[in-house]
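The structure's right below; bear with me while I get my questions together.
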Amino acid sequence: MIELNKITKKFTLHNQGKTNILVFNNLNLKINPGEIVALTGPSGVGKSSILKMIYGNYVFQSGQIKINNHNIDHTYPRNIIELRKNIIGYVSQFLRVIPRVPTIEIVMEPLLEINSDQDEVREKAEKILLKLNIDKNLWNLSPLTFSGGEQQRVNVARGLIRNYPCLLLDEPTASLDSVNKDIVLNLINEKKDSGSSIIGIFHDEYSRKYLNAREIDITKISDAK
Amino acid sequence: MNNVLKFKNKKNTVAAQDEIYNFAYLDENTKRMIRRALIKALCIPGYQVPFSSREMPMPYGWGTGGVQVTSSCLTTDDVIKVIDQGADDTTNAVSIRNFFKKTANIKTTEKTSQASIIQTRHRIPEEKLKEKQILVYQVPIPEPLAFLEPRYQETKKMHALSEYGIMHVKLYEDITKNGHIETAYAYPVKTNDRYIMDPSPIPKFDNPKMNNNPAIQLFGAGREQRIYAIPPYTEVTSLDFEDYPFDPSKAPHKCSICGSNESFLDEIITDDDGNRSFICSDTNYCNQRMENN
Amino acid sequence: MQPILSVHNLNKYYGNQVGCKNMNLTLYPGEVVGVVGESGSGKTTFINSISGNLIPDSGKILIETGNETIDFLEISESLKRLLIRTELAFVHQNPRDGLRLDVSAGGNISERLMSIGQRNYGNIRQTIFKWLDKVEIDKSRVDDFPRTFSGGMLQRLQIAKNLVTSPKIIFMDEPTGGLDVSVQAKILDLLRKLVRELNLSVVIVSHDLAVIRLLADKIIVMKNGEAVESGLCDQVLDDPQHSYTQLLVSSVLQV
């Protein structure tokens, strides 16, 4: 369960004349287990910012964010690290990895945090890579040289290899062809059916409908203009 | 002419101690200072005690440390023996023996068993030492850690805190390079299970003789201004690894003079064709075996 | 869970000059804390002050060993040095500062083992080979002198030398500084793997925000000897609150 209560978020740009940008005011949102929420609204309205606040990347000035009843509280970074380790998964739009690390290891990494059995983890990573149509020949190469679609699927594999109770998805299907898109969407549906609370940004109507997502237009739930 | 006569005269009469010198050359205050250092050294086996080394009438590296220690221990009743690499008849040994003959008018001997003080460079006599004998070593570099850790302040701390891991690095390097511990002299020891000590450049063959020895063992380093000691019956162990134990081996030959199988040998090249023979490095030991046979 | 290392109000002055001032840090087991800031901001003074290389003027450093909490600035010199060569490790920017160049690679790795009393050559060799493998140095180089190694290999050797006794806390001062980018990537990958595999707790100093982003869980941003901002690493880098951090983040070249 993900809950946002009365969130205020603003950016203060100290080096640009102390400009204040109010992004959200009195933002309220709740995602139940087994539910997918799709954020909509024009670009620049703060869809990604919501995900980043939930994941702890962005601070907020007032209000409360609760993940399975744990507060996101930046005075205790340790707690957020623990939440990320155990509860929140995040599939970002871009792949950010250390150069020269093989794909298979990148996919294995999140699972290794909770399971030290290398062989078992490798098996699971191979399974999900196969499912996502990543050619076997690529597994031992760094994904940094892959095509956009391949990179995205590696990112999805890495994010979905574990069963997080809460899942944040930032355009997980943006650069995929229709076949692979369906595969990824099916994987997301599996996570939903297993009881995850999922919130995401999906650029296309097709994905939102496929996932049977509850659509929320951000401009309607925040007072900020 | 006069001088020559004087010299001759002295030789003939084995003159009394030369009046110009205080007994055994050093003044009494210096001896007292050195004796204090010696007592401290005996109380803390293997610990290097600094002392204010004096200018001696011989260059550094010729045994100034040993001579100062010997000088501070001498009494009129003592009988002194001096060896250099085991030999009584080499230049350094003869000079130092004469030095004490001249400055202390003291009895000298070449027989290990008859000496009360033995000053040595780089050997321990083959014959077992007894209680009430003193063995004085001449030491060039007293700090066993010096070759691995050049900072003196740091080595002092390492000793104080028993941080001796680095000593084994040296032995480790030996084994990796040579398949066995190659260090054959100045082989580091641990004294009384506490201080790591440089035994001076004696062959590792002599290391076991230091252990539990009834005699007092004193070490003097003149240039480096350090004194250290092993009291009688003190445990002295050579550093090693479990799977590469210390091995006090020597050349696998017999002495070609006395035929001894047990003594430490010097290798001598006998001609230009590279022929060689081995003889005892301890001349007194070798001579006595010849006399007894 | 108890923090393995906590630093409270640490100050270090060089005469009237501020080295670092009023610094705090909490490090939990398995956590990586990055310290960033421009040259002269006091990063190195800070890491040296908390690792025993420098004596701070005031403050408190507590180290949790599992059985007891050690007040690092109050303990005896001997216990401090024992900790430094068993529970703590320091990886220097220049590997030559942390290695003995006239001792073979294997000898370098073995030193800490022997200093804690290991006396079996065969076992020590085994451990050395295991660590060469971990840091991806070819086993055949075990008896070579570090001076024949490349910069990246030297750094990996220094890491092996430090980690061989499984220290609880590792301090790193610009461990990838001075290495070309491809070597840097390999070292970063190695460090990440080791952190996870051995559950290492690390304090790492770097001026390179990308390095810190890849390695660190938490971050401290320093300026003029003081921490201007600290917190969760990607939060501070993604949503910096202090004007200096904003400037620092926006100054990074995008590739």
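Order of writing sets the labels: A, B and C. Residues in every chain begin at 1.
Going forward, contacts are C-beta pairs under 8 Å (C-beta built on N, C-alpha and C of every residue); 3 or more make two chains touch, one makes a residue touch a chain.
Keep in mind that what you see is a predicted model, and the values were worked out from it rather than measured.
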What pattern do the touching chains form: line, ring, star, complete or other? line
Chain whose averaged C-alpha position falls nearest the assembly-wide average: C
How many angstrom lie between the CA centroids of chain A and chain C, rounded to a whole number? 31
Separation of chain B from chain C, taking each centre as the mean of its C-alpha atoms, in whole Å: 47
Centre to centre, by mean C-alpha position, how many angstrom separate chain A and chain B? 77
Where on chain C does chain B make contact in their complex? 77-78, 81-82, 85, 100, 103-104, 106-107, 110-116, 119-122, 124, 142-143
Name, in rising order, each residue of chain A that touches chain C in their complex. 11-15, 52, 56-59, 74, 77-78, 80-81, 96, 98-101, 109, 112-113
Interface with chain A, chain C side, in the complex: residues 1, 26, 28, 31, 181-182, 185-186, 188-189, 192, 196, 213-214, 217-218, 231-232, 234-235, 238-239, 241-243, 246-247, 250
Which chain B residues qualify as touching chain C in the complex? 148, 157, 160-161, 163-166, 168-169, 172-173, 175-177, 240-244
